[in-house]
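What follows is chain A paired twice: with chain B in the first complex and chain C in the second.
Our next item is the complex of A and B:
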């Protein structure tokens, strides 16, 4: 593999990395979590896109100042060794948490639909091994897998056709039928589905054409928004407000609307193909955690990867109560906000240090 | 390492020989050679009285055709020995090892007693079979000749297709025990020099480490990028037209003495689905066949696993009528679907293997036994369901569709992975297995070049000749995987 070369990511790699890491389990329940705003939710993805694009600015600005360093190195450089490493450990925990939450979510969905009454132990193991296998090839391997996933899982979009045909276009209006608190509730719950583009700061030093990253990352984000937006529109047209509020995974119902003569239940196929989206997301986070450990320990070793995977496997296999899981899942959004806004803080530190240096001169 | 060991063996032999007592400067005597060829009964030492005095000729008669020997050595030496000696190559008379190697290579040594000098004549002419049609890679259109086991014939088959000095063939001797000759062929102005260097480096590495070079397939496995992969990622062909085609595209072709196949590298995954016939038939036919092969590959690895998932875990995914048919046909079957599928897949595999091993006449019986006795009887006995037999037979036929024998084998191997995965987790297992397959293919390289070319790295001009074979006038550039020095086929 090209693991030895430092700069490995081309433009299209960046586009699809950004895009596929974002799409994970979030899309499955997106329309459910947006249900506080009812039918007005269909334009929310556009709002998310704009906000994600705005928050991209400080990330890339900071990364361009430190072209050969990832987020972990920048932390150490700007905040000093101890505080920087402490923040890095928090980031590693954050990556691992998202890693585990995504797998946990997906596996519970699998337990509901595809393989009822089966313990997750064994297929969790296989998913872990596959993730390690992807990460083992480095970031380029992940990027390539993302590209394949885009073309493979992207074909699922076609199954929206039936929902669109049966939907009612009058559901799209009115546009602003909600109160401010409802808006905040929906926004807070829905923006989690945008988790993923903050990884850009970690794989930035591996990108070849760093000046063009903003354009490429924006393209990636807007491809995501295209998928989210089309799913939202079809959901709004197809479902009633009551359904949106009570169906936890509206996409499953959309799949069931598909009528092809040789396939009876599209939802089983859709959910199993979804494993590609899950693998592309979790492998990126595992890679981030591995990079973090490499950075904190000051040496690169593949055993870090194995250790992390075994650790996560054990945690996921532990009988943790649903309440704890739910708490973690609800609060990961705040961590996500923190990571997205973190570059702003780093930028200000960067300015302070620069001024200090100038004063010294 | 081995070379050193061997040299020491030779040296110790020289030292222990009673008459020889050879040192570096001393001349090799006839007795020393005779001693070295001790228990070799086909070694011939013949004395002739000629105009130049007594002459001894030494050769191994199993490697040399007697008419060739007579024509090139014996007859001239009896009639016109002066002239012959001027023509022949002189062998340095102090190097015993080289002399022994020359004789083992099938050359004839000529010793002039008066002058005490050695000469050699190349007389290597072992019995060999004639050029025949290829049985594995047979086509309807196009040239029918195929390589034989003789390196010289094989090189000639290629060189008669590409008449120009740009076609290089570098000879090399590998393996210290077998001393097998290989020839690395490439077009000097097209081939990628980095690839060439890499290949030579790898051959050099295995040359020093391994001893068994019986066939080129062994060399291939030793220099592959990933020995653990189920896929062949070095091409193999017994067809001179295909080898010439690859050479002109900028690949490197390695031929080996005593092996019918030639090694082609680098090759991509999709090239395993190409047959040389694709270029001989019209583009519409070629495209249709290519599509069938490619789709057939995915059907052959997915068909029976899908049956398992559908029957075991998700009867809901297929239409109700089909479920009825499937369930009805396996209502008497006492095994779970995985076992049933594995059983019949293994039977088919056994039939195929038995058919391949047996002589052709008995091989036909195998078809009858397999098809009628096992197939029909097993269904009637209620051991297997007849719909499954249809599916298994289809996937078995599809796996034989691939032009590359190695790829056809590996498609059957990975089918078992999919069957087991489907048996464990149903459709999810299949998707996980597919994910494994994709990651594996994405990371696989052939001689350092990505195996999934032209998709990674992208090369749009390759798409004219990938899944769809466009009319030949569209195919104007060499393939991306060979990273050639000259990209365009036409030089204007």
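Our next item is the complex of A and C:
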């Protein structure tokens, strides 16, 4: 019914779409990647929130100038057909890379913790099929899935209680105990966990109340920051600096601190429920890649979605060495910075064109 | 679309059977519940484990295996080759180390291995055993139905009892890698076919250095468990006045403040205790307010003396299991140097101030 309409996303959809796309695998190792600044890391999520909020401005300003066009269309309009399409292809590769990195990270986590003796091929297939199924319903289906995920996976926050009770609040001080290079290292590695809100530029034309988007997207971002901040504070209180530095997934140990008589291993439940967060993130990126292909090829087809999913499945099944995967993952942050700052560049092009038009007149 | 999805799901379920790696069925696993490690030489250790019997009608509900090995995982493989099931650490609840092993860095290596292994929960309890740790698992406990359950309950269910600073793997790793704390682990021995808590083993630089008595452990718990203890028992013998007191504390609040001066550190430990006088043997009239106040003062003095004695012992041994200098770290710029704690401890001056409030002395009037 909604597939025929273009404007399908209401306020709630936008809030939870922004929020759930951001929370993927980043949160699992957030405290580890922030460890260069030691205990002072607990307030970093607040800084991330402020910066994410600031970078929202150019995105929404530009999107409001082109209300019925997404990022792919704006690229073509402002940069011309060839350059625009070339940039769009880069964006598609970016979306697919994030899609694959998130799935790969989650599957390796599953392999380390829950199913150490199993090959991941079968689980990968199931995740792919589910993702395709969610994306098939369009952006509204993804948004609805995000709302469900928020209420379902959000309950995991309760498991922080035990870590908080056993932790030591004195770890929160001193506040600024790091050097500039440590700060930059932690910021660079940590800000990658905010990946996800840049997708707003792609689903903007589908939003009903476009003028309220800034408020809604900000709310989404600050819900994320609330989760990140809670986890960071509890981790800093519960772990020693050595543990923060050496534990790759501190949140797993926080789950293990849970003492409920009927649950022995909360970490296994936590990691299993995490699949909803993964699905909401990857389906949004797959949808973005599909929209990109639609835009580059100039026609909408559901076969684009199937082709992309099969392509990613093959790539993920290939025996690619861990070193290559690690290099890609480390450098995706730069691509993310590029995409977040891209609207600024487009805004300047927009002004130049406007001025040029006025001069011609 | 629906048909396609159904086709994919059914075919993937069928193809799932083609996976070559098959997970071991649960009934083939020998789930180790307690593991004990003894020192053999610099490279080798003796690993003793207990796991439940796979046969229901077995005479003894638990089976014991013991091997000499260099690595834990290698030991598990050897145990599996001796046993009728595959040894696995998924249900490990308690790890025991002999005193001899705790005095080497082998214990630290085993603890780090267990912490690194995601199959082992970080809530697994750690204890040091007098003499042989393996003997604790090999000996029979005639009045206990199941050795495994006995040991699990022994370490698990008594966290609120004073003088037992029970530490699990997470706590121990936290302390071992914290430059401000020297770890302590509960110290047990086998006495008259039962496990007995004999005190606490104190570690320094990842090796056990000394044993604190149960009296010391009481002082340590009062200093450590600030705000966390809801009830605990404490016996004070005031020998001079020939009074015996047993108190149940409802509230223990310890606050450590410092002058933040690294050159001449001074620490003030103020302790607020309130509780019920549950048993009393002495000449005081507990119905008389002034006599109760006098008793309070006497107990305060006794606790203060205990604390001072304990802190002096810590200074002599140069160990700090409390984390006394945390308030210094909170204001310290840069990484905390590993030897600064010892320097501070050596020159620190302590002031102890205890305030006790006896809320009630029971249901009947005492004279």
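Here is the rule we go by: the second predicted complex is superposed on the first by the 360 of 361 C-alpha atoms of A that agree within 3 Å, B and C clash if a C-alpha of one lies under 4 Å from a C-alpha of the other, contacts with A are read in each partner's own complex, and residues count from 1 in each chain.
Here, a residue touches a chain if its C-beta (ideal position, glycine included) is under 8 Å from a C-beta of that chain, and two chains touch if they have at least 3 such contacts.
In this text the structure is predicted, and so the values were computed from the model without any measurement.
When both complexes are superposed on chain A, chain B and chain C end up sitting side by side without clashing. Within the superposed three-chain model, A:42 lies out of touch with both chain B and chain C [touch as defined at top]. When the two structures are aligned on the shared chain, A:279 is found in touch with chain B, with no touch to chain C. When the two structures are aligned on the shared chain, A:170 is found in touch with chain C, with no touch to chain B.
When the two structures are aligned on the shared chain, A:264 is found in touch with chain B and with chain C.
Angle at chain A between chain B and chain C, computed from CA centres in the superposed arrangement: 100 degrees, to the nearest 10. Within the superposed three-chain model, A:133 lies in touch with chain B and with chain C [touch as defined at top]. Residue contacts after overlaying the shared chain place A:122 against chain B and chain C alike. Of the two partner chains placed around the shared chain by superposition, neither chain B nor chain C is touched by A:94. When the two complexes are overlaid on their common chain A, residue A:112 makes contact with chain C while staying clear of chain B.
Of the two partner chains placed by superposition, only chain C is touched by A:242; chain B is not. Minimum C-alpha separation, chain B to chain C, in the superposed model: 5 Å.
The contact surfaces that chain B and chain C form on chain A in the two complexes overlap at residues 115, 122, 126, 133, 264-265.
Residue ranges of chain B in contact with chain A, taken from their complex: 313-314, 316-320, 322, 424-432, 435-436, 438-440, 442-443, 445, 456.
Within the complex formed with chain A, the chain C residues making contact are 1, 5, 8-9, 12, 15-16, 19-21, 23-24, 118-119, 121-123, 170, 173-175, 177-178, 228, 326-327, 329-335.
Touching chain C in their complex are the following residues of chain A: 38, 112-113, 115-119, 121-122, 125-126, 129, 133, 136, 165, 168, 170, 173-174, 177, 239-243, 252-253, 256-257, 259, 264-265. Chain A makes touch with chain B in their complex at residues 1, 110, 114-115, 122-123, 126-127, 130, 133-134, 137, 141, 144-145, 148, 152, 261-265, 268-269, 272-273, 275-276, 279.
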